[in-house]
Structures are given as structure tokens and as C-alpha cells.
Amino acid sequence: MIKLRIGIIGVGGIAQGRHIPAFLQLRDICEITSLSDVNIDRAKEIAEKYNIPHIFADYRDLFSEVDAVCICTPNKFHAEITVAAFEAGVHVLCEKPMALSAKECEAMIAAAQKADKVLAIAYHYRFMKEAVAAKKAMDEVGTPLVVRVQALRRRKVPGWGVFTNKNLQGGGSLIDYGCHLLDLALWLMGNPKHIAVSGTMYNRLSKIPNQVNQWGSFDHESFNVDDHVTAYLKFENGASVLFETSWAANIKDDQEHLSISGVDGGLSVFPFELYMTKNGMLLNSEATWIPGEENPGLPQAKNFIDACLGLEELVVKPEEALQVSQIIDQIYENGGTTL
Amino acid sequence: MIKLRIGIIGVGGIAQGRHIPAFLQLRDICEITSLSDVNIDRAKEIAEKYNIPHIFADYRDLFSEVDAVCICTPNKFHAEITVAAFEAGVHVLCEKPMALSAKECEAMIAAAQKADKVLAIAYHYRFMKEAVAAKKAMDEVGTPLVVRVQALRRRKVPGWGVFTNKNLQGGGSLIDYGCHLLDLALWLMGNPKHIAVSGTMYNRLSKIPNQVNQWGSFDHESFNVDDHVTAYLKFENGASVLFETSWAANIKDDQEHLSISGVDGGLSVFPFELYMTKNGMLLNSEATWIPGEENPGLPQAKNFIDACLGLEELVVKPEEALQVSQIIDQIYENGGTTL
Amino acid sequence: MIKLRIGIIGVGGIAQGRHIPAFLQLRDICEITSLSDVNIDRAKEIAEKYNIPHIFADYRDLFSEVDAVCICTPNKFHAEITVAAFEAGVHVLCEKPMALSAKECEAMIAAAQKADKVLAIAYHYRFMKEAVAAKKAMDEVGTPLVVRVQALRRRKVPGWGVFTNKNLQGGGSLIDYGCHLLDLALWLMGNPKHIAVSGTMYNRLSKIPNQVNQWGSFDHESFNVDDHVTAYLKFENGASVLFETSWAANIKDDQEHLSISGVDGGLSVFPFELYMTKNGMLLNSEATWIPGEENPGLPQAKNFIDACLGLEELVVKPEEALQVSQIIDQIYENGGTTL
Amino acid sequence: MIKLRIGIIGVGGIAQGRHIPAFLQLRDICEITSLSDVNIDRAKEIAEKYNIPHIFADYRDLFSEVDAVCICTPNKFHAEITVAAFEAGVHVLCEKPMALSAKECEAMIAAAQKADKVLAIAYHYRFMKEAVAAKKAMDEVGTPLVVRVQALRRRKVPGWGVFTNKNLQGGGSLIDYGCHLLDLALWLMGNPKHIAVSGTMYNRLSKIPNQVNQWGSFDHESFNVDDHVTAYLKFENGASVLFETSWAANIKDDQEHLSISGVDGGLSVFPFELYMTKNGMLLNSEATWIPGEENPGLPQAKNFIDACLGLEELVVKPEEALQVSQIIDQIYENGGTTL
Amino acid sequence: MIKLRIGIIGVGGIAQGRHIPAFLQLRDICEITSLSDVNIDRAKEIAEKYNIPHIFADYRDLFSEVDAVCICTPNKFHAEITVAAFEAGVHVLCEKPMALSAKECEAMIAAAQKADKVLAIAYHYRFMKEAVAAKKAMDEVGTPLVVRVQALRRRKVPGWGVFTNKNLQGGGSLIDYGCHLLDLALWLMGNPKHIAVSGTMYNRLSKIPNQVNQWGSFDHESFNVDDHVTAYLKFENGASVLFETSWAANIKDDQEHLSISGVDGGLSVFPFELYMTKNGMLLNSEATWIPGEENPGLPQAKNFIDACLGLEELVVKPEEALQVSQIIDQIYENGGTTL
Amino acid sequence: MIKLRIGIIGVGGIAQGRHIPAFLQLRDICEITSLSDVNIDRAKEIAEKYNIPHIFADYRDLFSEVDAVCICTPNKFHAEITVAAFEAGVHVLCEKPMALSAKECEAMIAAAQKADKVLAIAYHYRFMKEAVAAKKAMDEVGTPLVVRVQALRRRKVPGWGVFTNKNLQGGGSLIDYGCHLLDLALWLMGNPKHIAVSGTMYNRLSKIPNQVNQWGSFDHESFNVDDHVTAYLKFENGASVLFETSWAANIKDDQEHLSISGVDGGLSVFPFELYMTKNGMLLNSEATWIPGEENPGLPQAKNFIDACLGLEELVVKPEEALQVSQIIDQIYENGGTTL
């Protein structure tokens, strides 16, 4: 059997921590043939560690050696590289967020369609065991009415890398972290059309000098992204979402919460729980064992490869990732200047 | 010392359970001289039980025997009776919500000002020990940024009385229950001006026949109020509120939650907790003992009487209760038809 | 509407604590017209307390004043009184156990059939909210395979009344306490035919002088009933029951446990829990609210009256109570001399 | 000092995981000189890993190089190899169960006696710290009356190896897993003579296609062993055992439970707890620290070697292991066809 | 049988709450015939409530009507009344502390000996179920080495009565509250001779205006007793006690702790726990049920009456209560001026 | 930048486990150039492992190669080596306790002053995150009144090394373990002058043969140090300390407790908690995150080097360590013969 040849573009933390290990574990169906990075020394080091034959400083030189690429660069370059890949006839698995703006996302989708290649976005939360269980359980929850999303860190601004650089990343806590749970909520709801978005951005805490921060230090003066966002979404089918995400908030403790109240029942994703009525009783259920992989990167990579090979339907469709970016756009615009 | 003569208008559950016992306990400074109720038999029974001299079928006949009235009728009659009381030169403590609409509230305020009498609204949550502690703690929380309000009951539609009657009550879970925590949130925030309100009303669950309900039964066909409401509020000072209230929702368990994340710290009201930073640490504090009365009706009655006597500032000012009604109006209108 | 006239025979603890209050609460459909007790003073006292018109020293004199009787005497007299009642044309609700032996039970059933009157046995555990919920949930549990029953008290031999008198009661922990959970287990299983019974009786602990006992004192020398019983039951449909009951055992703490492992799922009755598989997961559910009365004596009395009036099917059928007595007989005989 | 020369017959999981590491750790008193396995490649691999001089495909060739063997083959071969070992004058430590049937066990004992060599069976649960503590505590528990054994796994059929092969293993959950706790219970009771055995075998769940299973997959059609067994045992001294074991049952969670209620007190083995009376009180005790090895394989190997050297009494005597097999035989026969 | 005639001197809180109910419950063996109180109205009210025949303003007038008195006055009057009672030939149960000083105690003992009457001191903690259990368990604890006593209240200065009046009470937290646990510790240790006492008194917190206090308010300026005491005691047998008591301390929560580490084992009294070694294990035991009365006042009254009647040995001997007062004297003197 | 050259004297457990790793981690500012140990083979092995250039059998030969030494020998040699080091002009970080007696400590301080070099004592508990937090929080606690110290191990006599050798170590549980928490308490209190010390030493448990011990075995006959000490300290400022330390005591479980009740508030160090009053409430706070290193050896080494370089004030001053030794002296002397 022929294995899918894969190239990794940008070999920083996310490539090393999630994608490279996943593709290596799937060596029966794929092979990482190439790496590229603007930092050619880093590329060389990784290539040697994993015995990968080709490295390139310029990602354009990589396309000829691969069938598919996995894009792990700062957000700013997602769109440009994706379009170039499709022009080179190569499938794309692009890290989240899809791009800096919905407009860029649309261009990526158009390029994918023109090239007739696969475009997947790495919203890997969807491949978590709890998320897969929740998706199946939506049959019992029925039409979703109210969805609550909290992706909150008390004092964990990522002080390293480019996370607080608006030019490269397009934003802060929302576009980097909150986007995962927003995508997951939309997917569980069935990606209904959103009809209203209202939101507010904050970065008051991170603009204060010498704040307590558990994840390294950063320069409060140059900090120019959001560290806390609230939003409210309304959908065509009547559902509403109460949304909050943060890197730095005065709260009791970190929260990663997604719950849905539907017409027939309710659920929580983390931990997976069901809230039902049965025989006149109120019944709460919890999963004591869920099948599946602990590391969601593995089924994500498998789904991407299978989709490239035409064997399976893509789980994270680019049109769904576009909706996430549309909502982020509206929050960032609608919320106006950060407070 | 002369005692304030008090009349109770409407002697149903809230009068018997909260207001009459409170005024009786304050017998050093006041005296309940009169009751009125459209159900004169009920009035007679209560009057005998507590040895109250005068009863009336028509509230207009009561004003001459009292210095102040406490209005405990269905919401529909709040405005009319309040205005009549002021015309008769009598102080008013009116049950919540202030009235069916902001417009009615404004008329009540105008009448109070004209008569130069006290108008208090019975948002008694403000007199709870935890609420008083939270109000004091706002100094440490600093400017509020994000406020979360959940006044949620899983399956507890009040099946008795007039609670599901839109004509008499003006609405359901929001105007009856959620209004308390909305008022409390606004007060803790310092009643900043609201600049945007977005909301959604639901009654899908209560329209389903034979639903599980812990608080009696009701007719799902004639049910025409909201049983679940979500909303999002923005304020002039940049703060935002994520709000949810319900009588019937598919959730894990009932929730009465109000938390505030401010610039300097955070707090929860129920239970009272503080979330601070100190010497580089993250510090969580809980009150193991709070001074004050278990029953908030007592300090509420005391504050009303003292305000009537010019001894103390009113805690729940009518302009603040008006803001609650304005927001409820906008949610009910803005949210459009119930889903 | 005509009310069922009820007589109580034997007005000791169980009559005062459970049956009389229940019938009084159902005064819309029944009336306690008569009491009888060999202790006529006690009968007089109770009659005055509850304003009951007739009292009798001899139960035979009571039948003419009633439509139905509730028999609350020591076990030895259950059969004799029941047969006499049916001969007088009166319905019977008889306390558990049905009688001292299966043979007596059969005579009672024959008399009921001959008289065409209702014969109910007061296995009131069946009317507990958890038990009703479990009965409904058997659909999801599927064919029962293994049932575990533990009705265990560490050191609570009832030192009062006639509980340790073999002549009057027919046995000890099994016939007095364990019978409830045995009946409940059989009912939940659908009363399949039992094909093998093996058991062991013990009273070693209660024969030791000066044992620790939380429920009063008793004479260890004259103690001649079982204080601990184990048994194993096999059924025609392949199910098996592991059974244990005790008044006095060296165990960690008291246990009232009934769990069923079926082909499709499992359950526990106290507290009510379900153990299922769903979408490849292991799912545990607990009821956070079950509808119904806290006091099972009330629905038990209601069901008896309704059955007498031909309005409802009897829940505890005498043939089912007979099966309990058959199994108890076999354990007491099979287990041979107490050890 | 001369070291005992040891040979391992069958080098699969149990040999690699328990016995080889234990003998290696005891290198002061023994030496593994030889391995044999029908899979000679596997034997070679292990021999190289641990620097063991001799390997053999046929176990008969191994006897000349050793003083003692440890038999780790499928159950079917235990008896044959044991007898051959004794004929060669070699001591035997045989994995549990002792053999496929009591008859085979008797032949093994006869051979051991004829050869005057040690025959030990690897019921290693007896060497667990809690088990050793419980054995000592039986003095305080006094004569055992009731014993409860639960060796239950909710959904953990071992899908690998030969575990579901009746021909090679002789049975399923009982002979593989439940036998450990049965042996432990008998030992703690003092191995009294059993006078009655009643039991039931099930494999309904494992015959259902696509069942949830946490330990790999297996073919439900060819599955022909028990996955769940209940039993009841009576003993000459009046004690009774309520027994249950399973690989696949609809229960709340896995259970490994062994408790004993005796005349003077009670105990639980996992965790180790005592239930006593003292000065009129009910007293529960738990061990917060128990001396001994975490890995029971080490004291087991030590006891075997010491017994071979005549230094110590054997803990697991073959006559005791025979009793376990006798009871298993009777359950498998008595319980008839699996349901 | 003749009943002991009892008089109560001083009918305040402790008389009404503990002693009168206890004597009334023991009506088979005693009768309260008389009350005396300087507040004759209060005496009259109590006498009417309980149907007690005689009341007196002056306690001297009471002696002729009684066989025994129970002294419940402020501490200052304990000695004087006790001595007068003995001169009148009457037994005495005196509230704790025995008196204001050891010297007064010695005079009381001398008077008792001269009169040959019973003198008991109401250290009722000794009659608590846990205390009785601990006394019995000292056999297993062996020679006591280290004893830890904490009788601590965070903010509960008794604001009522005479508790903060040094003239009437002789001190504060130590003489009122800590004395109970000091007496209990000495009794459990076997009242060994103390050879050294070192201590410190504090009242810094109670001298601060407007302190938080859960038990009413008091005047910080006139407050002149200890609110916090630490001490260290050495005994002839080598044991030592680490002691602390308080009415007002900045601690986590209230503590009532008494633990003993002996040569053979250890124990805690509240809750009753044992810490032992057994078979090489560390074993912790807790009582899940202790026999006895919930209210220690009942066995205390019973023991006093039985001692008066010569039927039972007195539990709290006056010489033991004297030792408590000696130690308190030394702490109050040794600790010097309050800080 | 020039690095401080460091020599390690005595390369046993504490050197290998704490000091060598810390200095290696600080390689930017220091270099371990030399080791010395009476066991030259051990020194050689460590030197090779960490690539350290010089080793010496006699510590006197080491001084010429270093700027500072870290003394890790048995306690007996601390004073002698320290004085020699200062005579050689070398800074000293000496393990705790400072020396065998206060007199030796004074000589060490005199030598340091004469040489004008740094003398630090390795009371590393002061560098724990909780301790640093507590030191800062003393501002809120205010003047300390009562301090409670418990450094208790139930059965953990260190059976290895020289721990039970009085000649080499000077004592047992107090000088080895309790000294840490005594030093920490004194430091948090601000090292006020002590005016009275009373104490008791025990070794009853360790003199009993075959005691349960979790940390190896030891010879009960030659055991001649304390295994348990209680003490009480009074200070010039009115504060008092209740102190207890043990290696072997009959207690519930190990305890490492230090709490302080001050005039304004209270605190616990392990875990770090604050007990305050605020707005009339009682408020308990816990740190959910404290900044700093997990390993206190690192900031300890850093502080020593910085002090040697004149960059930072020494945290553990020798005069403070002297006070610890003075108190230990007085307890050992004052307590008299061990009991």
C-alpha cells in the first residue's frame, strides 16, 4: 500500500508536541518526508531526531516532496501557505484558528475547491473522547436551547512565543484558546446559522505592571491583545450561547466548561455527564469509561489521512471552521476597542 | 415614641411568610393596624390570628388608618395601588418586580416625588448576609468587568397561584425569580448605565405535556410565560453581564450563582468567597461566619421604617428598581416571541 | 361517595406508626370505624386519641362494623384471623410475613378466593419511591441474572415486644426483617419459579451473654430465633440470588442493599442507581429526584382500598407473598438446626 | 552456600511479569539456569535479556539442569508437566489453578509424595500484605460464620492469549480469577471441610455481539467459558460463603471484596479493616501501614525456595489448592449448562 | 424507698439547663424540694414551672428542707455556701470551678470531712460517653507520656451574665472553660502529682474595641479576665501536658481536642479514636457507637445521688478538683500580669 | 564574571541530595571545584559523576582551592571545620544544627566576625514557598501571641547513618528534625528574646525491643537519644510557643504543623492559610498558587552565594541559628534525664 507523504511547515511547539508524534504513530499509512521552518537549525535538529529525509527553509520548496502538508506557523501565515499548497496540488491540515479573518478563510476554501484537495482545520478538541461521546448524545439532548461555554484561565497568559503579538496572531485569548470551545459548541449544536453576535473584549489585567502570572512573564506595555472576552450568540433555530474565555481573570479557578440544555435533556462535556428525565424522575448520568484514544491528535491525523485517501468523511470541515472565524471577527469588531 | 402605622395590601403567601412576621417582630417601632384583600375572608382570618384591628375589601379604604403600606398583590396592581397610596399621603413598600413595565415604574416614581414620600421595592436579596458582605467587598474587587448570573431551577415551575398567568404577572421566570439576582448584580456593580441588552426567551419545556415538575402541576396549553431566559448586558463603563434564569431547564441541578471578576479581585455571593492576589500568590477566601439576620425580611422592614422616619437612607431606591424593569422590558421585547 | 369502613386488629407499634395514620390521611375514601386488641385499655386509649367509635376485645366482634380489616397482631395469629375475616365477608390487609408457614398462607388464599374478597400483604417496601422506580427500570435491566440482597444490622436485636419469641413470630431476623427485601427482590425479578434453596441460620452472637446491642436488651438464654441467615436461591429462568439478613453480625455497618445484574443493564434500589452501556461507554446514573410519597404506608393503604373498591389492581398479591413464605420455610428447614 | 537451580517452563506473561523478576531478585539463594517454551524464539529472547544459560523447546530436556521448576503454561499442561517433574526428581511451583480438575490435582499430589519433593501452587494473593494481616487477625475474628467473596470486573474479559479457550484453560472467570479469592477465603477460614456447593454459571453477556469491553476484543461466537459465576458453600463447622466472580457484569464498578463475620469480630481484607466490640462500643479499625513487600511474587518465591531447602513450611499446600479445584469442579458440574 | 431531697441554690442558666432537668428525670430516687436565689422572682417562676414546693431568698433557710444541695451560683460564692451546707449536715454538688482558689477548695474539703458528707464538683465532661470510653481505654494506652489539650473558641466571648467579671468569677477562659478539659486530662492520666507549671495569660484581643464576637457584645474597657491561656505542665511520672484554652483567638476554627500518647498506644477523646500497633501494623480505630446517655448531666446527677446514698463511688472527687484549682492558681500567678 | 569556587566537605546524603544539585544548577555564578570526605572512595565516585576536579581526604587541604565551603558532616564536626575555614579565609554554609552546643556556635560566630566572612546555616525550611509567604503575611498577623509547633513522625526513627548516635549528633528528634520548625517559628516571630524554656525528653518507645518502625531498624539497647520532646517557650514580648517533635509517638498520623495566632490575625504555614476578620466577618484564606521553587535548596544556595558576593542580605543569620541552639541546650539540660 502506498503511504501518504506528509510535510510539516513550522516545527515549533505544536508540531513537535502533537502532529509529528501522531503521524509517526500512523506509520502504516503515512510518512513524514519533509520539514520546513524559517529557523533552518531547528528544522535540522528535528529532522535528525526523527530521521526525516528533507528539510527546507522556504516552505515553497517542500511541496514537491509531499502529498499533504500540516501547517503549524503563526496564524498570520495560515492563509498564504494554504493557498500556495493548493496551487501546488497538496492537501492541507492547518492549525487553528483557520486564519486571521473570515475573509482569508473564504479564500482558503475557494483554493481548496479549485484544487479539489482536502482542507482540514486542527480543532482537535472535537476528537477528545468526551467530545465524541457528547456528539453522539445530542440525539438524547434534542434541539439545543441554551449553551454555556467557559474557557477560563485565572492567571496563565502564555508569556513565551508569539502569543501576545497581535500582528502575528490576530488576537489573544479568544483566537488562541476560546476558539476551541466555540468550535466544539457549534459542532455539537449542528452548526446552525448565527443571527446575532454581541461581545466585549478586555485586557485591563494584563496592562497592569507586575501582575501575578503562572505561565512566564510578558511586557504589559506592549501587550495589545485580549486577555478576557465575553459574548452572546443567537441562532436561527432560537438557540443562544453564553460565552466566556480568558487568559487572566479574577476567578476562583480555571474552568473548561461546555454544557447544553436541550428540549429533551442536557449534557456537560468535561466531564461527560447527561441530565435526563425518565419515568418521572430526574436522572443524572456520568460515564465511568469512554472508549477511544487519550491523545486527540491521533484520531485527528487519522481522519485527515483517511479523508485525503477518500476513505472517510472529514470531521472538521472548513466551512465549520469559517463560521468560528466569522463569529470571532464579529466579536473583535463588535466589541470595539479593548477596555 | 410614636410607632409607624402600617397597612398590608394583599395577604397571600408573601405577606404571611415575609412581611407580616417582620413588622410584628419590629413592634417597638411600628404597628400593623390594617389589612386589605379582595378575599375578605382571608383578610379576616389573618387579622384574627395576629390581632390586627382593621380589615378592608377595598384597599382605598385602608389609607386613612396607616402611615405606610406594604403592597403584596399580583404584579399587575403594583403601579395603580402605589400611585393611589401616594395620593393619600402614605409611604409605600412594594413587592418586586416594581411593576409590569418601566413606564409604570416611572409613574410610581413621579407620584412618590410629588407626594414626597418613601417608595421602596422589596428586592430582599440585597438584605441577605452574603449580599451585604459582597457589597462591602466591592472595594477590593475594584471596577467590575465581567458578571455571571445564574438563577436556575431544573424543574420547579410554581404550579400554584398566579405565577403562570401573563396577564397578572407580566411574565414568568425572569420577572418573578431572575429579577432578584439581576437587581443584586446591578447594585453590586453600582448601577452603571446599561448601553445594550440582548436576550432570548424560552418556554419549550413547559409547553410539553406531562413534564416532570417538582412544584405542583400546571396546564401546559395555557402556559404563556417564559420558563427560561438568557441575556447579555453591556454597560457604559465597559462591564458585561452573562445572565440566565429558569424555572424549567435540563441542567445538572439548581443554581443560584452570582460572581464578579473585577480589576483588583473577584467574588462569589452564594457562598460568599473572595478571589484575590497577594504577595504574588493567588488567594481564595471564604467567610466562616457573617454577622446579621438569617431572615432578610427583617432588615428590609427595618430599613423601610427608618427611611420613612428619616433616620436612614433607603437601600433599594426606586430608580434602581426601575433599571431592573427597563432591562426586563428590553429582554421581553428584544427577545421577541417565545420559542 | 361511600367510604370503606376499616377495622384495625391489634393496635401496637405497627398499627399506630404506619396503618392508622395512613387510613386517617385517606379520610376522603375510608373511615376507621373499629379497633380491637386483647389489651382493651390500649385499644381504648387509641380510640379516644383518634375519635374512633368502636372498640372490641375480641376481633370476631369487630367484623360486623367494617368492610375491611388491617391485621397487626403477632405473626402467629395472621392466618386464623384472616380466615375468620373472609368467613365474615370482610377484605383483609395483613401485616408481613403473611403467616408462620406456607401451608397457612395457602389456607388464607383459599379462604379469600372462596369469599371473593381482597387479600393484601403489607410488604410496604414495594411502595417506596426507589422500589417503584426500580420496578419500572427493569425494562432496561433486561432478564435478571444475579441478584444480591443484604438486609443487615450490626447490633440491633429488637429487645422489646415479641420479636425474639419463636412461638409467636415463627423466627427472627429472616421472617421479621429479611422477608421485606426478599419479597422486593422476587417482585423486581417478576416472581420467577424458584427451583433450589440453600441456606444457613445462625444465632451464635445472641447466645453470648452481655453482647453489645443498640436496641435494648434481651435474655440470651431464652433467645431461640435466628439472628443471621445466609441463603442462595436458583430460579427456573437461570437467575440466582445471593441473600443475607441479620439483626446481629460483626460487620462494618448496617446495610440495606438490593442490586440486580441483568442481561442489558444493572441497578441498585437503595439508593436508586442504574448501570448501563451506551454508545460504547459505561454509564452510571443516579436519580436526583423521584416523585412519590416519603411514607410508603400511604400508597399501600390507597392501593388496598382501591383494590377493595375494584378500581385498581393489587400490588402485593397473596400468591407472591406465599412464595416468600415458601422460601423462608425452606431456609428454616433446609438450614437445619441453628448454629 | 549452594543456590537452588530453577527452570521456568512457559515464558509468557505470568513468567515474565511475576516469577522471573522474583527469582532474579532472590539471587542470593537461587539461580534461573533454564527456560523452556514451545515457542523457542520467545525463550531465546528472554534468555538473552536476563543472561540465562540454557533454553529448551521440550520441557523434558530441562529437568537435568535444575533443582526446581516453575510451571507457567496454559492450565491444561499443569498436571502432565508436574508429574513429569516429580519423576525427574525436581521440586515444582505450579501456577494457579492447580489443574483442570480435582482428579488431576490428586495425581499431582501423589507424584509429589512419591518423589518426596515440594509441590507449591502460585495462589499469590495469600502473600499480599493485607492477606497476611488478615490471617493473623483471624484470632480476633474467632470462628468464622459468614464469608462474602466478590471478585468482579464490570467489562474486562481478557481478550488476548488463551483466556477464553475452554479446552486449554478449563473455564473462564471462575478458574482464572475467582479461584484466587476462593483460595484466600478458604485459607483464612482454616480450610474447613465443605459439605455443600451450589452454583450457577453465566456467559450471556459475552455471547452478545459487540459488547463493550475494556480489555481488548474477542469472538463472541466461539466464546465458550463462564464470564460470571455465583455460588454458595456450606462447611462442616457451620460456616457459609456467598461467592461471586465475573469478567463481565452489569454492576456499578469492579469489586475485589472478601469479608468475614466471625463469632468475636469481623474483618475485610481489601482494604484491611477490623470490626470489633470493646468496652461496650462498636469499634472499626483500619491499618494505616502494613509491613511487607508490595509485590507478593517475592515472598511467594522466597517461601517456595525455603520450603525446597527445608527451612520453612510451605504456605500454599497442595491439599489446600486441591480443595479449591474440588469446589470449582462442583460449581462447573453442579451449575450445569451455562445460561 | 426514701428519695433524696434536693435543693438548688442559684437558678440561672446552668441550673435550668442541666441540673434541674437531670434531677427531675431521676424522680425515682430523688425530689427537688427547694430552690433559692437572690432573685426571688426568678426562683418563684422556676418553682411554679416545675411544681417545686419551697423557695428561699437566702440559701441558709433552705438547708432544713433538703438532704443535698446543688450550688449553681457565681464562682465567688461556691466556698462559702459549701461550707455552710456542710455545717448544716447537707451533701453538696458544687458547680465547677470548685472555688476561686485552691485555698478555698481546701477549706471545702475540710468541712466535708468534718461533716462526713459527700462533696462532688460538676466537671460534667467526665460523664460524656467519649470520656468514659477514653478512661476505659487508658489500659491500652499505657503510661501516658504526652497530653495535648485544646479548648479553643475563635470569637465566642460570652457577652452575657457575669462571665467577664473577675471579682465574681475569678478569671475568664481558663477558669470557666479550659478547666473542664484540664480536669478531664488529669483524670485520664490518673491524677499524677504535678511538679512544674508554666503558663501565659492573654486578653489582647478582647481589649480591642469593636472586635468581632459571635456570642453577644461586652465592654472592652472593663474586660479584665483572660481570653486566652497557654500552659505547660510536668508531672512526677515524667508526663507532660501542652495546654491551650481561649474564648477569642485568631485560629482556623473552634477546637475541643484532647489526645494522649502513651507508651503502648494513643487516643483522642473527641471524637473517640485509638492509635495502636498490632502484628507489626499501625492501626487506627474509631468508635461507630458508644453506649450511654447523650446528656452527661444525667449520669452526673445519678452518681452524686448514689454516692450520697452510699451505693457508688464518687466519680469526681474533691481532691481531684482541688488539683485543677491548684494548677489554675499557678497559671494565674505564674503567668503574671495579663498581656 | 568571576564564579564563586565552592568546596563540599562531607559528601553523604544531604550533600548529594540537596547541596551539590543546587550549586550545579547555579553554574552561572558558582563552580564546585573540590570535595572532601573521610571516605575518599565516596568522594572519588561523586567527583567523577559530576566532573569535579579536586578531591581530598582531609578537609584542611581543600581550603586553598575554594572561596566558600558547604559543611555536610555529622554535627560533631560542624564547629571545628567552620572555625578552620574562617581561619583559612573561606565563607561557610554549614548544615543544621549549627553545632552541638550554643557555646560552639558562639565560637563559630566569633571566628566569622574575625575573618569577616559569611556564615550561613542551612535551615532550608525558611526557603520553602509556604514559609516565604508566611513571613510576608506576618504584617497582617500582627504581634504574635501564641505559636504552635508540631514536627511529629509516628514511627519513623531513621535507622540508617549516625542519626541515633548521641556522640556524633548530640541528640535525636529535636536536634535533627524539630530544630527546623523551631527555627522557622522563631524567624516568623521576629526572633524575640526567649525568657523561659521548659521541656521534657522521651525515648521510652525506642527502648522497647521490636517496635514497629517504617524507616529501617535500629538497636533499641544502644539507642541513647531523644525520640520525642515537648517544650514550652516564653518570650520577652509576651508570646509563648507550644512545641512538640518526635520520631516515634503513638499518634494518629505524621504532623508538620506551625500556626501563629497574632493580635490582628492568624496563619498556618503548611498548608499556607490565613485566618482574619474583615467587615465583621470571620474569613479564612488559602493560597491556591504560590510563586517560587519547589526545591528550597536552590534559593538557599543562591542566597548564600549572593551574600558571599555582597549582593544580598543573608536570610539565615548565625545569631538566629544560635538562638535555636540555645533553646535546644536548655531543653536538653532542663528536661533532665530522658524518661
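Per-chain residue numbering starts at 1, and chain names A, B, C, D, E and F are given in the order in which the chains are listed.
Going forward, a residue touches a chain if its C-beta (ideal position, glycine included) is under 8 Å from a C-beta of that chain, and two chains touch if they have at least 3 such contacts.
This is a predicted model, so every value here is computed, not measured.
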item	value
Where chain B and chain E overlap in contact partners, by chain label	C, F
Cα superposition of chain B on its sequence copy chain D - rotation in ° rounded to nearest 5	180
Farthest chain relative to chain E (centres taken as mean CA coordinates)	A
Between E-F and A-F, the pair with more C-beta contacts	E-F
Contact-pair overlap exceeding half with C-D, pair selected from B-E, E-F or B-C	E-F
Whole-Å gap separating chain A and chain C, where each centre is the average of the chain's CA atoms	60
Whole-Å gap separating chain C and chain F, where each centre is the average of the chain's CA atoms	69
Rounded Å distance between chain A and chain D, as computed from the means of their C-alpha atoms	50
Per-residue multi-chain contacts in chain D, two or more chains	155, 212, 253, 276, 280-282, 284, 288-289, 291
Chain-chain contacts as defined at top	A-B, A-C, A-D, A-F, B-C, B-E, B-F, C-D, C-E, D-E, D-F, E-F
Complex interface listing, chain B residues touching chain C	155, 212, 214, 253
Residue numbers on chain A that touch chain C, as the complex places them	133, 136-137, 272, 274, 279-291
For the chain B and chain A complex, residues of the former touching the latter	141, 143, 145-146, 148, 154-155, 196, 198, 200, 202, 204-205, 208, 211-212, 228, 230-232, 234, 238, 240, 242-244, 249-253, 259, 261-266, 268, 273, 275-277, 280-282, 284, 339
Interfacial residue positions of chain E with respect to chain C in the complex	288-289, 291
